[in-house]
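These notes concern the structure reproduced below.
In this document, chain identifiers A, B, C and D correspond to the written order of the chains, with residue numbering beginning at 1 in each.
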Amino acid sequence: MVVAEITIIPLGEGPSVSKYVKKALEVFKKYNLKIEPCAMGTVLEGDLDEILKAFKEAHKEVLNDTTRVVSSLKIDERKDKENTIERKLNAIKI
Amino acid sequence: MVVAEITIIPLGEGPSVSKYVKKALEVFKKYNLKIEPCAMGTVLEGDLDEILKAFKEAHKEVLNDTTRVVSSLKIDERKDKENTIERKLNAIKI
Amino acid sequence: MVVAEITIIPLGEGPSVSKYVKKALEVFKKYNLKIEPCAMGTVLEGDLDEILKAFKEAHKEVLNDTTRVVSSLKIDERKDKENTIERKLNAIKI
Amino acid sequence: MVVAEITIIPLGEGPSVSKYVKKALEVFKKYNLKIEPCAMGTVLEGDLDEILKAFKEAHKEVLNDTTRVVSSLKIDERKDKENTIERKLNAIKI
């Protein structure tokens, strides 16, 4: 299980990109992933192969309607503890 | 007003870094910023100078107790719309 | 053709992680990719599927010998111009 | 001494953003920093306060001529070794 964060940013489509972020979210929903939209990226939890496929499909989906896209994927994987969004957030409660 | 995301990661202090993330969160609370912890980073909203000072202080606070720290700051600033965590999240509701 | 940047960072293996970065570079060399190591990440140029496979394999290779790994992949893809490391660097020569 | 990477990306100014990257590079040159442009961001080496000021000024300079800018700053600081671009690149030579 991996926790990840994805951003998909089209360049040149105007300062407002929310419609493209929504396209990406619609792609993530097709996969077996837990999805938590945050204000600076979408956090995902699930199998690494699912996350890689979802990342590629969301990037391609946005590029389909645009000219240039810069996308980023950050993954956090560990072998010593259950790796979930919930556990990570609980661990930092102050 | 700027929306930002910060990560502060010490290298070499073990796979568990939540105590350092909590140190960073305690630093952010000292500033006039809205704080939303996410599973892959802390989202902040506020004045850019406040965010830059909070970023530097949190990074230095964690480095104080460790040997090496890799920290990242991502900022999103726009002139055409009110830039808040709330507005960004509402814009992508599907 | 895509230009990308990858970072692979193990947590808890000490402040020095160059041996792990070298493992990742050895993985990238197995793929049909142009490779430019930079001081804050490895820049790659090539087919997106090759880059995704190389990213996954490098991440898993480092995780094999460690407990926790945070890896990031940033990709830049455009349809209007040839997308290469060389063209990007030439475009910003000052 | 800190090694850092900066990206400054305006949204909505077209797919070509090299003129804005060049503006950012002109800002960095005003500071006492070593500058290494890479294809996915600009690597800098120098004092942390200089880097933070250069980052803020470059971001504001690009926002001056545009509507929305997403900028990122990643810093790597360590206490056990001399932290330079050159040492980092030499450590990963394969």
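The working rule: a contact is a pair of C-beta atoms (placed from the backbone, for glycine too) under 8 Å apart; a residue touches a chain by one contact, two chains touch by 3 or more.
Keep in mind the model is a prediction, meaning the values are calculated, not measured.
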Revision key, fill the gap. A student comparing A-D to C-D should find more C-beta pairs in contact for C-D
**Study point:** Longest centre-to-centre distance from subunit C, chain (CA-based)
**Key:** B
Exercise for review: Return the distance between the CA-based centres of subunit C and subunit D, expressed in whole Å.
Suggested key: 18
**Study point:** Centroid distance [mean C-alpha coordinates] between subunit D and subunit A, Å
**Key:** 25
Review point. What parts of subunit D, by residue number, touch at least two of the other chains?
Key: 15-16, 67-68, 70, 74, 76, 78, 80
Practice item. Would you identify the shape of the chain contact graph, picking one of line, ring, star, complete or other? Key: complete
Study note, to complete from the structure: In their shared complex, subunit B is touched by residues of subunit A numbered 3-5, 15-16, 18, 21-22, 25-26, 29, 36-41, 43, 45, 74, 76, 78, 80-81, 85, 88-89, 91-92, 94
Exercise for review: Would you tell me which residues of subunit C are touching subunit B in their complex?
Suggested key: 9, 11-17, 67-68, 70
**Study point:** List of subunit D residues in touch with subunit B within their complex
**Key:** 48-49, 52, 55-56, 59, 63, 67-80
